[in-house]
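Shared between the two complexes below is subunit A, which pairs with subunit B and subunit C, respectively.
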Partner chain A sequence: MGRDLSFLLPEIVVAVTAMLMIVAEMGRAARLVLAIGLAGLAVATLLTLPVLHAGTTVFSGTYRIDTISGWAKLILLPGTAAALLMARAEIAGRAREGSLYALVVLVTLGALMLSGAGDVMVVVLGVVLTGLGSFALVAFLRDDAGTEAAMKYLVFGAVTGAVMIYGLSFWFGGSGSTLLSDLGRLRGQPLVLVTGLAGLIVGLGYKAAFVPFHFWAPDAYQGAPVSIAAYLSVITKTAAFFALAQALRDLPREAGWPFALAVISAATMTWGYLAALVQTNLVRLLAYSSVAQSGYLLMGVVALGASPAAVPGIVVFAAAYVAMNLGAFAVVMVVGRELRDLDGLGRTHPVLAIALVVFLLSLTGIPPLFGFVGKLYLFTAAINAGFLWLAVIGILNSVLSLAVYLRLVVPMGREPAGALAAMSAPFLLRGVIAAALMATLGLGILAALLPG
Partner chain B sequence: MIWLALTLLAPLGAGLAALAVRRAPQAFALVGAALGLVGALGLFAGAAAGTEISVSLPFLPSFPVLLMADRLTATLALLVAAVAAAVLTYAIGYMARDPGRARFFGTLLMFVAAMELLVLSGDWITLLAAWEMIGFASYLLIGFWHQRPGVAGAATRAFLYTRSADLGLYLAAFVLIGTAGTSRIAPTLATTGTPALIAGLLLLVAAMGKSAQVPLQDWLMRAMAGPTPVSALLHSATLVAAGAILLIRAAPMLPAGALLMVGIVGGITTVVAGMIALAERDLKRLLAASTASQYGLMLVAVGAGAPVVALLHLIAHAAIKSSLFLGAGIFQHDRDGTGLEALAGAGRARPGIFAGFAVAALALAGLPPMAAYFSKDAILAAALASPAAPWLLPMALGGSVLSGAYMGRALQILWSGTRSETRAPVPFMAAGMGALVVLAVTLGAGFGPLEAMLGAGADAKPWIVPAMGLGVGLGGLLLGWSIAPARLLGPLLAPARNGFAVLGGMDGLVVRPALALAALCERFEQGLFAAVLAIGRAGLAAGSGVRRTDRETIDGMIFGLVEYTIDLGGRVRRLQSGFIHRDLALTAAGIALLIGVLLAAPFYP
Partner chain C sequence: MPLLTIATFLPVLAGLVLMVLRDRSARVAHGVSIAATGATFLLTLAIWARGIAPGGFAQVEQITWIPAIGAAYRLGVDGLSLPLVLMTALLFLLCAIYSARIKEQAATYVVLMLMLETASLGTFLALDGLLFYVFFEVSLVGMYFMIAGWGHEERQRAALMFFLYTLLGSLPLLLAIIGFYLGTGTFDMRAWIGAPPLSGLAAMLALIAMLFTFAVKTPAFPLHTWLPAAHVQAPTAGSVILAGVMLKFGTYGLIRFAYQMTPEALAQAGQVVLAFGVVSAIYGAFAALAQNDLKKMIAYTSVNHMGYVVIGVAVAALAADPRIKVIALDGATLQMISHGLVTAALFFLVGMLQDRAHSREMADFGGLLGRVPWLGWAFILSAFASLGLPGLAHFPAEFQIFLATLDTRPWGVIALVGIVVTAGLYLRAIATVFLGEAQDRWAKMPDLDLRERLVVGPLLALTVLVGVAPGWLIGMIHATMTGLVR
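Moving on to the complex of A and B:
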């Protein structure tokens, strides 16, 4: 028991932090709430380092302390801290400001549980914990758009969650165990296997916004505060991928899921970029681009168990994606929600414009940026696993993505609109953008430090 | 090692310093270019003496960054450094009054550093990174005067065209890495069979984009919107050369089928782009089309199985074309434009510069004893000796005649009219151009030893080859000088003026279909929406029927609660406008499909 708890220290710290934040919020001390949150996240990140390569499980196999969950903490915790700073820049001074911070940290706790899941019940718990907090976060602004978005998100979550739990109950029935590591026992029971698998893919695919479970994403992102959209687009999404990886690692590949997920992956990236091509709202554009990026992450999941590059690919691309997507959203927070708000940015705010270009090029996957390193692993993994056609579709979509992202780059060279010259980036956002930029540029070059 | 660092880091450091300090960028440019040239000379001397330098830096586990200076890459590095040094010297004069000098020299130096990285890269991933960097740097350089109308569009177009073709390089690199299990270039070149054919054709696509081969030639002409030193550098030894360099380096791997394709693409381009050049009404665009045509000749050489010959022509063309561009830039300064009508007689005002321009033009036409005479003869000889000679030789000859013709026409226009004006001397510009013209004339003497060093024995050429070479060169020049292009090209004049935009060019082939597909997806969602909306309405009507029954039957105690729920439902309905029904219907369809695919798993091959 004591041994188990010592491995869980980061999660415990995050949970305690969330409780303390709620207590502090009762005193209406929003800045204190934020400070507690940031400190707790920092401590939890540091506590992750000693157990990064532990490669063990706790509580009789229900929770995993392995490469995926370790790196997930190193990615999700700093990402959450950045999202908190972005939220502070956006909603400082509003009523219930502290509650939002506390909810964010609680959702991150759910994300950590998803990434370390060794048991289907932990997966369900993680989905519920991330879901409940996220609905409230989306509705935070309490206006029509926010309510609609949260409603849609909730209905979708309820339906897919029900399908998932129903499907997973078949696995329990078939294997007599809720442990993911016992899934091998399902060999020879194809119907049971398929039903559970479909449930899992639906439930986690909703969180990760795969096509066709992505419909909530653009509306939810648009209705939510931009910082929350950024948070949801990176933290809960990557956590869902980590959970999917944890579950599918133990499932026999001959069950057919690699092909099914490869089809979803191809559909997701293509649909996402095509839809992004016709958006004029920056948040919706980034939402569809996030959908498309899910397709790329899925390439790594497809190759699980068939390529040694699969797990490093998921981890590295997730890290890159968190950095570059948060950075892009932070720039949108400074500039405005519409595409035309970018007119002339390159003239009036060259540094901001260059940062955005770097994030977008990294999302496209242009070497030597961080996003390319991740995609290199993912493409290698897919080709190793015999999915050359998927890699080809992925690369074709990279070209399409360039068309999407150049729609943002081109107006920056135009004549600036009047209001833009006076605009200046808040200090907090500048910090977030600088950190994301350093990660995007620096980690691409220092990629040797990453796992693999 | 020190030479390698100097070659790469001197331009990079000078570029960053020029951008950071923003003062005296010319000095940084000179120092960076000179040190880079020293480094490249050191590399070349070392490689010629037989010492190969290769440095491996840690990057990704199992994919280290590898830099390599063997005989081929050191030669290319020296070429890039030499042309860059001359062009930067010239640019000091050309950009003397431009307020954006620091940005210009900074970007140009970084571009040179990226190009050196490209030629010296020993693994595919470094090559890819450098390939993207030169693409992006050229985007910045072509769009340097982005405030002028049309310039930003031209830069974006150039970037997008070359980027779409880069797809080939990515795929080829992944195929080669996947097959050979290593990212180092040298072992992957031993690939054989189908992967080699696929990778070879994909590399050809990438090279076609960068080297502006038909049907991707259009961007090169538009890229003339950039400053002239940029054009000179891009067209001679760097951006456009990258495509040919890629094929020259990959030549040992290319199987016969891929070689034939390379040769045919090059052959078609050399003729088509030559006709475009002959029909052009703008000197810089004429030179741009001629660049595409000359790179077509190099591809013919690669296709004929003589990559070293292609390299010789690349070197000769680098010196010649950069001198021509630099000359054109001086005339452009004098006349504030590059239209051929505006430039009529510009040569008489500057006889010295015109002489340099004319020497380079004669060199391009392939007259002895200038550099391109030797390389062009070698190309003709290679085409004659290759198994595909019936295809390649006529196209190579056609390209050569056209080279003479368009250069003859340009010379004739520049020299027409009477001497009316004298101009102030342009020392920096003249120095840069002079150095390149000297190179263009004298380089040919070094081709023999260079060929021997690169391991391609100089076979005895049949007597017919120099005769053909001289004949087509002189004949072309005479035709161009004396006969108007309208009569030379006849019915082909109009399509040539349009740049032979096959099927609407790239816009028609790629951009419009992509947008149409996106619009189709949008319409699909809309149509689906309308259909599901109708179902939703029916559902709502049923719901309101139920609501009425409820009101009549349910007692007053829970009436308030119900009222509230209905009110909330109404609000949601107003907000949702039926969307969620549609989405959930699609989701359910997706689940069904998913289960179907999973259940079919045992039947997969």
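Moving on to the complex of A and C:
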């Protein structure tokens, strides 16, 4: 017991932090709530480092302390801290400001559980914990758009969650165990395997927003505060992929599920970018772009168990995605929600413009940026697993994605519109953008630090 | 001293320094630009002085980068890359001198140019597949912003088309590189060259992917359509770098990757590649003939000239006799250098003409030779070089290519039609623009000033030198090509 708890220190710290934040919020001390949150996240991140290479499980195999969960903490905790700062810049002074911070940290706790899941029950727990908090976050603004978005999100989440639990019960029936490591026993029971997997894909696919479970994403992101849209688009999404990776790497590669997921992957990236191509609202555009990015992450999931590059690919791309997507959203928070708000940005705010260009090129996968390293691993994994056609589709979509992202770059060179010149980035957002920029630029070159 | 690394990164470092300088006026920016490119050129001369090793790479510099997947920072030089590196450094220096007249956002322009130089040198010097790809792609980004920021009327469209087209072109190369990696477990290009990792269908697929990439870049018919748009809209220095340096990425890759890493597949597909080369050469010449815009005309002659390089590589793959292979590869490599020198001069001259007249239409001019003799004679000399006149740079290259073609696949010499057509179109251009009746409206056109002569002079001198005495250059290329043919 004591041994198990020592490995769980980061999670415990996050949980305690969330409690303390709620207590502080009772005193309506929003700044204190934020400070506790940031400090807790920082401590939890540092506590992760000693157990990064532990490679063990705790509580009789139900929770994993391995490469995925370790790196998930290193990615999700700083990402959450950045999202908190972005939220502060957006909603400072509003009523219930502190509850939003507390909810964000609680949702992140759920995301950590998803990433470390060694048991289907932990997966379910993680899905519920992230889901409940997220609905409230989306509805935070209490206006019509926010309420509608949260309602859609909630109904969609309730249905997909139920389907997931139903499907997972088949795995329990087939393997006689709720442990993910026992999924190997499903070998030779293709029907049970596929039914359970279908449930899991519905539940986690909703969370990760891949086609055809993505419909809620653009609406929810648009209705929510931009910082919450940014948070949901990176933290809960990548956590869902970590959970998929935990579950599927023990699943026998039979009954054609890799192929089915490959088809979903291809559809997701294609649909996401095609839809993004016609958006004029920047939040919706980034929402569809993040749907498409899910397709790339799925390439890594497809190769699980067949290529040694699959798990590193998911981890590295997730890290890159968190940095570059948060950065892009942060720039949108500064500039405005519409595409035309970018007119002339390159002339009035060259540094901000360069930052956005770097984030967008990294999302496209242009070397030597961080996003390229992630895509390199994912393409390698897909080809290694025998899915050359998927890599080819991924490449064609990269060109499509460039067309999407250049739509943001082109207006920046135009003559500036009137109001832009006076605009200046809030201090907190500047910090977030700078940090995301350093990660996007630097970690591509310092890729040796990442898991192989 | 790691000269290769210093030469590669000196330009971009100078660019970064410029970005943080307090005074970023045009004067300072161009001063930094000329100093940095000049120093880089001197460094490449020092690399040349250190020499190359026959049958392998010399002056290798290596640092681990992503050890988990066997990618490292590896640079090295041989007789294929060294001439291209020298030419690249020279062209960037001349571009820096020529561009000193640009006043609009000069600092940003200079930073982009310096970034492009680093990317170009890195592409030729990289010995690691991943690193090569990184430099290869970074050059696209630099060129996109160059065209979009400082181009002519339709620049946004042309820049967009250029970026999308060439990104689509370069991504298949990434697949091929991943294929080589999965076959060997390393990104070391020397390992891929030493023992070609793929065979059979995998090798053919990798070759097709690479041919697509390099055909877009070279550009070869029918994947050349981005080139005229990009060239016409690009600023003069952009055109010079695009034609002089970046097109060579395609033909360099053709030899370095396709020829060296999938030799058997290329031999099997040699006839097809040869056919594409021949069609490109002839098509490029005829398309150039149809142009009235001088810049577009020169852009299309690039398709023609690079077609000969493709022919050379294809013949080298097809030939049975190692001596013929070496002749073909020598010719192909020399053709890259000749094209770089001659086309750069032509683009500079057309740019200078446009600076004066704000027009590139041939019909707008006439009898300019009397008004601007320096510009006129420089253009005539470059045009004669471009059409392959003996004694000028293209002749020794094209002669060797056709010699090898005649010996291996005699039907390939129908590409000679291209030379005839090119001769016709250049003579027509000279006649319309520089001869004939002088027009009054150009009576005040000034001739080339000192800065402009300084830009064109070295190129013309080298054009003649390579034409008359190519031995120093061919010797360098030949030493490597003999070792490269197995």
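Structure notes:
The rule is short, and it goes like this: the second predicted complex is superposed on the first by the 452 of 452 C-alpha atoms of A that agree within 3 Å, B and C clash if a C-alpha of one lies under 4 Å from a C-alpha of the other, contacts with A are read in each partner's own complex, and residues count from 1 in each chain.
In the analysis below, a contact is a pair of C-beta atoms (placed from the backbone, for glycine too) under 8 Å apart; a residue touches a chain by one contact, two chains touch by 3 or more.
Because the structure is a prediction, the values reported are computed rather than measured.
In the superposed model, A:402 lies in contact with both subunit B and subunit C. In the superposition on chain A, A:27 makes contact with neither subunit B nor subunit C. Contact with neither subunit B nor subunit C is seen for A:55 once the two complexes are overlaid on the shared chain. Judged by the touch definition given at the top, the superposed model places A:173 against neither subunit B nor subunit C.
By the touch criterion stated above, A:264 is placed in contact with subunit B alone, subunit C being left untouched. Looking at the shared chain after the overlay, A:277 reaches subunit B, while subunit C stays out of its contact range. Comparing subunit C and subunit B on the residues of subunit A they touch gives the larger count to B.
Shared contact residues on subunit A (touching subunit B in one structure, subunit C in the other): 361, 366-368, 372-373, 376, 379-380, 383-384, 388, 391-392, 395-396, 398-399, 402-403, 406, 410, 413, 447-448, 450, 452.
Across the interface of their complex, subunit C is touched by residues 309, 312, 361, 364, 366-368, 372-373, 376-377, 379-380, 383-384, 388, 391-392, 395-396, 398-399, 402-403, 406, 410, 413, 447-448, 450-452 of subunit A. Those residues of subunit B lying in contact with subunit A across their complex are 58-63, 125, 128-129, 132, 136, 143, 146, 152, 156, 159-160, 163-164, 167, 170-171, 174, 177-178, 511, 514-515, 517-519, 521-522, 571-572, 575-576, 579-580, 583-584, 586-587, 589-591, 594-595, 597-602, 604.
Taken together, the subunit C residues at the contact with subunit A in this complex read 64-69, 71, 130, 133-134, 137-138, 140-141, 148-149, 156, 160, 163-164, 167-168, 171-172, 174-175, 178-179, 181-182, 205.
Those residues of subunit A lying in contact with subunit B across their complex are 144, 147-148, 151-152, 155-156, 159-160, 163, 190-191, 194-195, 197-198, 201-202, 211-213, 215-216, 219, 254-257, 259-260, 263-264, 271, 274-275, 277-278, 361, 366-368, 372-373, 376, 379-380, 383-384, 388, 391-392, 395-396, 398-400, 402-403, 406, 410, 413, 445, 447-448, 450, 452.
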